[in-house]
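Same chain, two partners: chain A is paired with chain B first, then with chain C.
For the complex of A and B:
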């Protein structure tokens, strides 16, 4: 079927992209990997072999321990919150209420905004200043007489990350809603009808039929949100700057490399992040591509 | 602060705009070419991965997709050094980074779009004597507008909103808006109202795109979770 001049043309046309991906993704990962096994510190590259020393140092580094703890708190609150809120919003829109497309757009809106903008706005909303300098949500609570709700937000010792996760939930629950809604729409109506005839309440239908059928959607959302939370960076920077209390691996990598010039350590953090993301994403990719190719 | 505003003051916007306008302009200059070039590359790649597979293309494809998920911290050091070494710095370097790291998502979106096109369409083109590029240009390209819109919006939004690449690849004269806004907000001397005005200015282009083309934006997002 193929004409001769077309036989290689397809390869010729995609090869620039393949070469770019090969260099900028896989080549650079290998390069980072090599830096992470070196003694490079300071402005001039130093590729002296250092084995896995940098990794061992990180795992005994108290700052990295804080990073892991913060990442776990952030992931728990952010992923959990986005899933619950996203599902509830999807159920709400699934009822076929009026103005559905308006609400769908409204909830998705934050996705189109950069984490920096979200961060700057939430920085005001969650401003921990008290007294006459009080602003944002604290001021709202105080004005409404809800003083017990006034709190230190992201400056709360130990649990500050949970406040950061609130801003991330605001940003991503619309996305979670969208994928849940798409999933709900693909469930045949007969199933719900049958359940209704059997006398199931709306709550039971969602709880016993829809939620279990949407398990693959939940898993996808879990993986997508989970890998985002491993990468969280801009949002924290915009809300709080670089504070040790709210440190995460991405910020540590940044500071180690570009502020401290500990290139080898920075590269090691980058590689640890990559491996954690890969553990989540590779099985997901395999699964999705497999189900994709089945007609 | 939570009371109804006593009148509307535009001076905050005037002040924020005067501070941020050069950086808004930088963002536009970087994002528009990046989005256009990305979509063209994605379209060609998608066409081939969907309709003109070559030996090994099914093996290469997931390796391209994986690039969409990597934490950029794992390529940041080589990226900065490489760009400096080849002399592509500032906004040009930033646009190039967005184009290259956009290859996975743009290829995915177009591949899924073209995979949905019936094979008969291509066969008809072949019978009429069109070659591979002829079929692309005469048959598929004219009906690819929805996919182009999805990818253009997606790339526009993600390049506009990016912070990490911008902060390592640009200096203070060619910062895009995200970096400028973050630095403005970080300085204690700027009043809250001006910061909020600046945030709205920084969000406005993507919001406008979103209001008019939101339906397509949703499709781009769902493609990001591979459910094209």
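For the complex of A and C:
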């Protein structure tokens, strides 16, 4: 048990951080919420009450509908691709091969690179130019005789977001591999041995034993990758710039707020992003806290 | 992998293919540091410096 004096000291030491978090995180969230309910347009603050008008306008805005569609495509391809690729890589590395640490480091390395650098490199790789100016992956495919794979990448109508997601998969699948591999290593070896004695094949062991036991790992990866994809901004800017075809809510928020000075609309988009991320994160945090507090 | 009738060494084929997928952008990152931007992008003026 802490003495009263120690308890008092602890509160004093922690309070500056708590005050900073309350002001700079929750205070500014509340301020953004207030701005989103105002008529602020232009450089001069205008807190005239506008109710939920900005939100209603957004949901009837065709550009915001494109943003939602693009976000869904990006999230589906990115999260699905990272989970599948990460799991397959972890299964292969779990076989105790020679050179495992080399492959593990290689697959994890892209995570150390910023989204902007990844975006610039993948913009060069996914250059959609054809003919004499063909370069990057298209040139590689053409030289290898894989002409059906030559495509317009992120300039493809409708599915251009999937090409952007490819760069994100390259960056984050190593992370998924690492957490799946850590999860696999924590599963007692006796379980696999028992299954083998019962006549289970390796595929059945992974399908019926390993994968269900890795459900919490999958959930963690799903939440982390999911909230990253909802906030994606820099990767798209680095690969394609500001294009309506590849627009997402974060880019719309930037343009509405800083290019168009529609502060109230920008704040409304920010609040929608916050709520969509919170819908993912809060149940996960509650689940984690609950499982951590169990003896 | 024995029950699948496969030797573990076969796993090096997909692993090496994946290694190429991960290494290619890193290679491009390294090599393009020495290449002029006008050779990479359409909308850039031809360079006059020492780049390749």
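In this section, the second predicted complex is superposed on the first by the 288 of 295 C-alpha atoms of A that agree within 3 Å, B and C clash if a C-alpha of one lies under 4 Å from a C-alpha of the other, contacts with A are read in each partner's own complex, and residues count from 1 in each chain.
FYI, a contact is a pair of C-beta atoms (placed from the backbone, for glycine too) under 8 Å apart; a residue touches a chain by one contact, two chains touch by 3 or more.
Here the structure is a predicted model, which means the values were calculated and not measured.
In the overlay built on the shared chain, the residue A:281 is in contact with chain B alone; chain C does not reach it. Contacts of A:121 after superposition on the shared chain: both chain B and chain C are touched. Comparing chain B with chain C, more residues of chain A are touched by B.
In the superposition on chain A, A:103 makes contact with chain C only, not with chain B.
Contacts of A:55 after superposition: neither chain B nor chain C is touched. By the document's definition of touching, of the two partners only chain C reaches A:92; chain B does not. Judged by the touch definition given at the top, the superposed model places A:129 against chain C, while chain B stays out of reach.
Once the two complexes are overlaid on chain A, the chain A residues touched by chain B in the first and by chain C in the second are 109, 117, 121, 124, 135-136. Chain A meets chain C in the complex at residues 88-89, 92-93, 95-97, 103, 106-107, 109-110, 117-118, 121-122, 124-125, 127, 129, 133, 135-136, 170, 174, 196, 201-203.
Against chain A, in their complex, chain C makes its touches with residues 1-4, 8, 11-12, 14-15, 18-19, 21-26, 28-29, 32, 40-42. If you check the complex, the residues on chain A that touch chain B are 1, 3, 5-6, 9-11, 13-14, 16-18, 20-21, 24-29, 31-32, 35, 45, 105, 108-109, 111-117, 119-121, 123-124, 135-136, 139-140, 143, 175, 178-179, 182, 220-221, 224, 227, 230-231, 233-234, 237-238, 241, 249-250, 253-254, 257-258, 263, 266-267, 269-271, 273-274, 277-278, 281-282, 284-286, 288-289, 292.
The touching residues of chain B, when paired with chain A in their complex, are 1-2, 41, 44-45, 48-49, 52-54, 57, 60-67, 69-79, 81-82, 100-101, 103-104, 107, 126, 131-133, 157, 160-164, 168, 178-179, 181-182, 185-186, 192, 195-196, 198-199, 202-203, 206-207, 209-211, 214, 217-218, 221-222, 224-227.
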